[in-house]
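Questions regarding the structure given below will be posed in turn.
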Amino acid sequence: MVSVPILEMKNINKSFSSVKVLNDVQLSIQPGEVHALMGENGAGKSTLMNILMGVHSADSGEIYLDGAKIVNSNPKEAMAKGISMIHQELNPVLDMDVSENIFLGREIKKGTSGILSIVNKKQMRHETQKLFDAVGIDIQPSALMRDLSVAQSQLVEIIKAISISARIIIMDEPTSAITEKEVDILFEQIRKLRESGVAIIYISHKMEEIFSIADSITVLRDGQFVSSDNASNLNKDKLIKLMVGRELTEIFPKTEAEIGEVVMEVNNYSFKPKVRNVNFNLRRGEILGIAGLVGAGRSELVEALFGVHKSAEGSLFINGQDVKIRQTGDAIKNKIALITEDRKQTGLNLIASIEDNITIVSLDKLFPRGVINRHKEDEVVDKSIVKFGVKAASKKNKVQSLSGGNQQKVVIAKWLLTDPQIIIMDEPTRGIDVGAKRDIYLLIGELVKAGKSVLMISSEIQEVMGVADRILVMAEGRITGELERKDFSQEKIMHYASQFNRGKEDEETE
Amino acid sequence: MKKLNNIMNVQLMRELGIVIVFVVILAILMILSPNAFARPANLMNIFKQASINGILAMGMMFVIISGGIDLSVGSIVALTGVVAASFAHPGEYPLIVPIILALVIGLFIGWFNGVGIAYGNIPPFIVTLGTMTMIRGVALIVSKGAPVFGVTDAFENIAGAFLFDTIPLLVVYFIVITIVSAYILTKAVFGRRVYAIGGNEISAAFSGIKVEKIRIMVYMISGLFAGFAGLLLASRTVSGIPTAGQSYELDAIAAVIIGGVSMSGGSGRWYGTVIGALLIAVIGNGLDILNVSSHYQLVIKGAIIIVAVLLDVKSKERTA
Amino acid sequence: GQQENGVDKYALMMSHMTNSFTITLSNAVKAAAEDLGVELVVFDGGQDVSKQISQVESAINQGYAGILIEPASVDGIKPAVTAASKAGIPIVTINQKITNQELADAFVGVEHVEGGEIEMKYVVEAIGGKGKIAFLLGPLGSDGQIGRTTGYYNILEDYPDIEVVYEQSANWRTDEALKLAENWLQTGVELVAIVANNDGMAMGALKAVEDAKMLDKIKIFGVDATDDALAAVAEGRLSATVSQSTEAQALAAMDALVKLANGEDVPSEIIVGHTLITKENVADFQ
Amino acid sequence: MKKLNNIMNVQLMRELGIVIVFVVILAILMILSPNAFARPANLMNIFKQASINGILAMGMMFVIISGGIDLSVGSIVALTGVVAASFAHPGEYPLIVPIILALVIGLFIGWFNGVGIAYGNIPPFIVTLGTMTMIRGVALIVSKGAPVFGVTDAFENIAGAFLFDTIPLLVVYFIVITIVSAYILTKAVFGRRVYAIGGNEISAAFSGIKVEKIRIMVYMISGLFAGFAGLLLASRTVSGIPTAGQSYELDAIAAVIIGGVSMSGGSGRWYGTVIGALLIAVIGNGLDILNVSSHYQLVIKGAIIIVAVLLDVKSKERTA
């Protein structure tokens, strides 16, 4: 069934400051297909799509739409030709409400006098509500974007992209911040769109998603085109081999470490209303997973433990000592590290270099006299970059210029450089490719083997089940269940994760 | 129901913090000087004195919401005032000529600022600092360094006349410009886009908004309003003074920020700016009337600005 | 001094070039230099002493035959004057005496105190020696403000029935004076006169009083004899202004400087008198 | 190898764009006025004239890199100058007293600014606009509105003396302060944290940095340098002038931004600021020497600032 491709990109080349990131890349999309674009972090997927959208301009190469050559010099032109995109890095206008974000740049107007005509806010909210209702999303169209969670923001981005009546929709890691329930909603929409002839270019590092939704798959490696094939001709192992260039055994390698005494004991921790009376402990050499639905309060719990929220209450014992953590510095002194879930907001200083980001928490430790020794710093950072496989032209480059996955590696490198005893990871593999994910799991294994303890939040149930020794499940700010490794099952986790009313009842009796 | 009420109040408090501070300051001044300050004539007087800064602040508000800054407005006031006065001598040109000239010059300088920022990618602070300096020079060159006087009565009446014999036209202009600005900012598509480019320029560009075009228009609005303010000041002082308007930009920026617009762009409400402009005028008027010595006036004025915004911030934090 | 095309080059250091007085003064000095057949370069100190010091230092490096300076500050300018006399370059201060006047070769100008006294003497006469009055001051700390205000009080010592109810700075500026006067008029205090340190502020006060239709009750006075003030005096709106005899100052100063450069002696102080301008004599100055 | 070379050049061009612009402007002035401008005495003169603004700009640089702004430096210059001069009359206090007083007052005002911003959460523009106004008032009150004169020769020598009979001490101070600032910014852990809070305050806080503490220290540095500049200005003008330092903040900010520091914080290099301060001094000196009339000077000065930064931006874009 080879028809005229709706979109063809040929011989695309692109360099950033003389570093080649795309080398003669090609891509061919049929109408009404879901075409997965795969590759490791930094392979050039987002860059290729940004060229298609007119965000970047290619150094050379052609783009054909319906067989006719086109040039997009800005997103407006691309959108006018029926191409829309969900961007990998979420880009909401925080001080606007949801409906305004969805209709940004194409507001519903009352008059016809161009940009001076009145915005029909009511209509926009109404239309937004209709869009949400149609897919079953519960977000207020009038809510400020600032007040939404990461997951909700991503849903809004998704709705925004599919509400533009586009013929080609690019989805660059649309599911990095949402859980399975919302993924299902997305896939349902994708299927509907496919039926109506819309082509979808789908980028994700989640293998299960690819094989459940993609019709065909193009693979890039290090900025080179590797292959393009029907999804039915491939399987997970073959695909991974194409992407990584070698075989990967075992996605969740489980290192057995000796589990020792309790290193952290959390008593009655609350950060109302998001976290309520949480009790648990963490042992030496243990990987403790925290599962739950989006908004369960997992992030707030670990942030509170880390000293981010001044109004948090409760007591914390580290190695049997009662410690007071009032600010993040206290947590760091107690050898706790927090790898946050939102690298752009809380994890990185995007306009600083990779090097500066990696050493920022460890400066006092590396240079106790307050004076930086460049040689020593370079040495330490070089080691980290090799250890965590950060792909970059130079450690002096701004973190901003790294691919999403490589940014995540920088965050991890930064925190592990502090030599922590207790490592809290909030969605540590978000946006990371399979190879790198495996590297992180191996790393976690190494950490616990060396007698450290890991507290890992993940919204990917497979991941927590694959990695953790024990799982806590949270719902509405409380711990609703605890499972030992032998009892792990998806059903049980989901059961505990959806125990909603308990919280409410307690609130009323309080 | 109770919960809804609660939310409403919190929202109100959040947004109206500075309004409350403003009312408190008004009340204090009324108590301190019931016979002079609280007289209706004086209240109208305050409005009048707030007008020129208020008009500049309205333009500045667009710029700051879009994420920029405009230091050139004070110099625009001087140049347009000088040019307008030069074309307002009796028996030379019809009244419309100085008016149009002032507006067009303001608009043009705003356009220049906008182009330098949007296409030249020069930081707003630098472009408008540059035009601030240049335009001040042009004003001095045009006027040969001395005030331009001898304008027609009609010209004097532009700012000096009254509506219904009671409301100074200055106040009328301020109100009209406020209404137009509020309309554009809250109702029109253009306003949405100003917030969008200030809130997240990249996202705005990704959404197909022509960021450069909006940016240029924002500076043109500021320039236009400054041109109008220059015309009004020349009419009010019955002369075009090349050194006029010095540090007006600081007062305009202060009004906008006191009103709760963030320097980093993307947020803020028009009525905050109105309150900001009124607050500055009230402080000046109140201290003059209480006959506080000039030196102490500075100390008190500075302290009130800090305390007003501090109270605003703290009231927001408590209710947030 | 250094000769270029056989013509001596002189520098005029103005404190600033942004009002009628300084512009008139610098133009008058230029005209005087032309008459004397010498070259004159004008520098603008931008109301910043340290800038003016820098300009004098630069001029010393450039080999000027003599320096005429209208000081931006009476004390602050000392290092520049010292440097010039060390370098053997004649330096004359114009319009404004400096604290260490002995360091300069000569002073040509007026005494601000005298200007204030002349203005206030006429005020007293015009209001009949009693009533409430207000002062509009220049930037606090500026020499004109200090001198003229001192002059006011020198005269008022003898008139206990005159009460100064307001005394605020409007920084030489018309718009600030306008606002200030508007606010004073709100208080209901029955003023009989507003006395301004310069004409720019007097014009602002005039506008406020006219707007309030109180010109029959309140008289306005200024200093500088700017063109607009003279016009207002002629129309009987402004009661009086005081001229600093700018042209006379310029002529005498340039003359003294050239003489000094040529090795001749001049008196160390050449005082040019102020002139009171009222409706009676205004025609002579327009 | 070739590739590496390439990268190095690009990096250099990127960072040194403004240096090239500066050199070009120097060259033009040297050609236009070889006998006057290019003389060593005049070049030393330019350095001297750049010193006070350069010192203020160094402090301002810390503030702007941290994501703030400090409008109060001009008023601090006035107040510390007045106070220092008041304690420098012959036969009253040892020389160290006015020096210490100037520095301590500057430091204290900086601390106040920092606390208002860090703990009061008041926008930097408002806090420092408030202190700018207040401190100007205090300077006038302390000096009773008149310049303070009659200082000792020793006091005059603080800024007026020479090192080795050739290098003005003003220049020496500027160089020393530049070296210290450059060291703190690039070598000290503290400097890294200043960049971090300017780049992303939230992520800095998550990284265990005491954001409030760093913020306060940054304003204290700016205040300290401003206090020192006030002392130097008083010594240079042999008097404490309460109206001194007006709009010095604009020149200091301009120097920093011309030097490539972004107003939004988190980036910038110390030598850019040095070039910025020198560029401003060179323009002023060059135009005076070329005998450009003062009104035209304003126009040219404004234009050069815009064009210099435009060329800098464009050279970066080309090589990016």
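Here are some notes:
Read from first to last, the chains carry the letters A, B, C and D; within each, the first residue is number 1.
By definition in this document, contacts are C-beta pairs under 8 Å (C-beta built on N, C-alpha and C of every residue); 3 or more make two chains touch, one makes a residue touch a chain.
Remember, predicted model here, so these are calculated numbers, not experimental data.
The chains in contact with chain B and with chain C alike are D.
Measuring from the averaged C-alpha position of chain A to that of chain C gives a distance of 71 Å. Mean C-alpha position of chain A lies 43 Å from that of chain D.
Look at where the CA atoms of chain C average out and do the same for chain D: the two points lie 33 Å apart. For the pair chain B and chain D, the distance between mean C-alpha positions equals 29 Å. Annotation for chain B: residues 140, 145, 294-295, 297 touch two or more other chains. The residues of chain C that reach two or more other chains are 17, 140, listed in rising order. Residue positions of chain A touching 2 or more other chains: there are none. If the chains shown are joined wherever they touch, the resulting network has some other arrangement, not a path, ring, star or complete graph. Against chain D, the residues of chain A that register as touching in their complex are 17-18, 306, 308, 327-329, 331-332, 338, 340, 345-352, 356, 359-361, 363-364, 367, 370-372, 393-394, 414. By the touch criterion stated above, chain D contacts chain B in their complex at residues 71, 116, 120-127, 129-138, 140-141, 145, 247, 250, 253-254, 257-258, 262-264, 294-303, 305-306, 309-310, 313-314, 317. Looking at the complex, you find that chain C touches chain D at residues 14, 17, 41-44, 46-51, 53-55, 57-58, 61-62, 73-79, 99, 139-142, 145-146. Interface of chain B with chain C (complex): residues 35-37, 39, 41-42, 45, 48-49, 140, 144-147, 149-150, 160, 233, 236-239, 241-244, 246, 284-285, 288-289, 291, 293-295, 297. Those residues of chain C whose C-beta lies close enough to touch chain B in the complex are 17-20, 22-24, 137, 140, 165-169, 173-175, 178-180, 182-184, 186-188, 200, 203-204, 207, 211, 226-228, 231.
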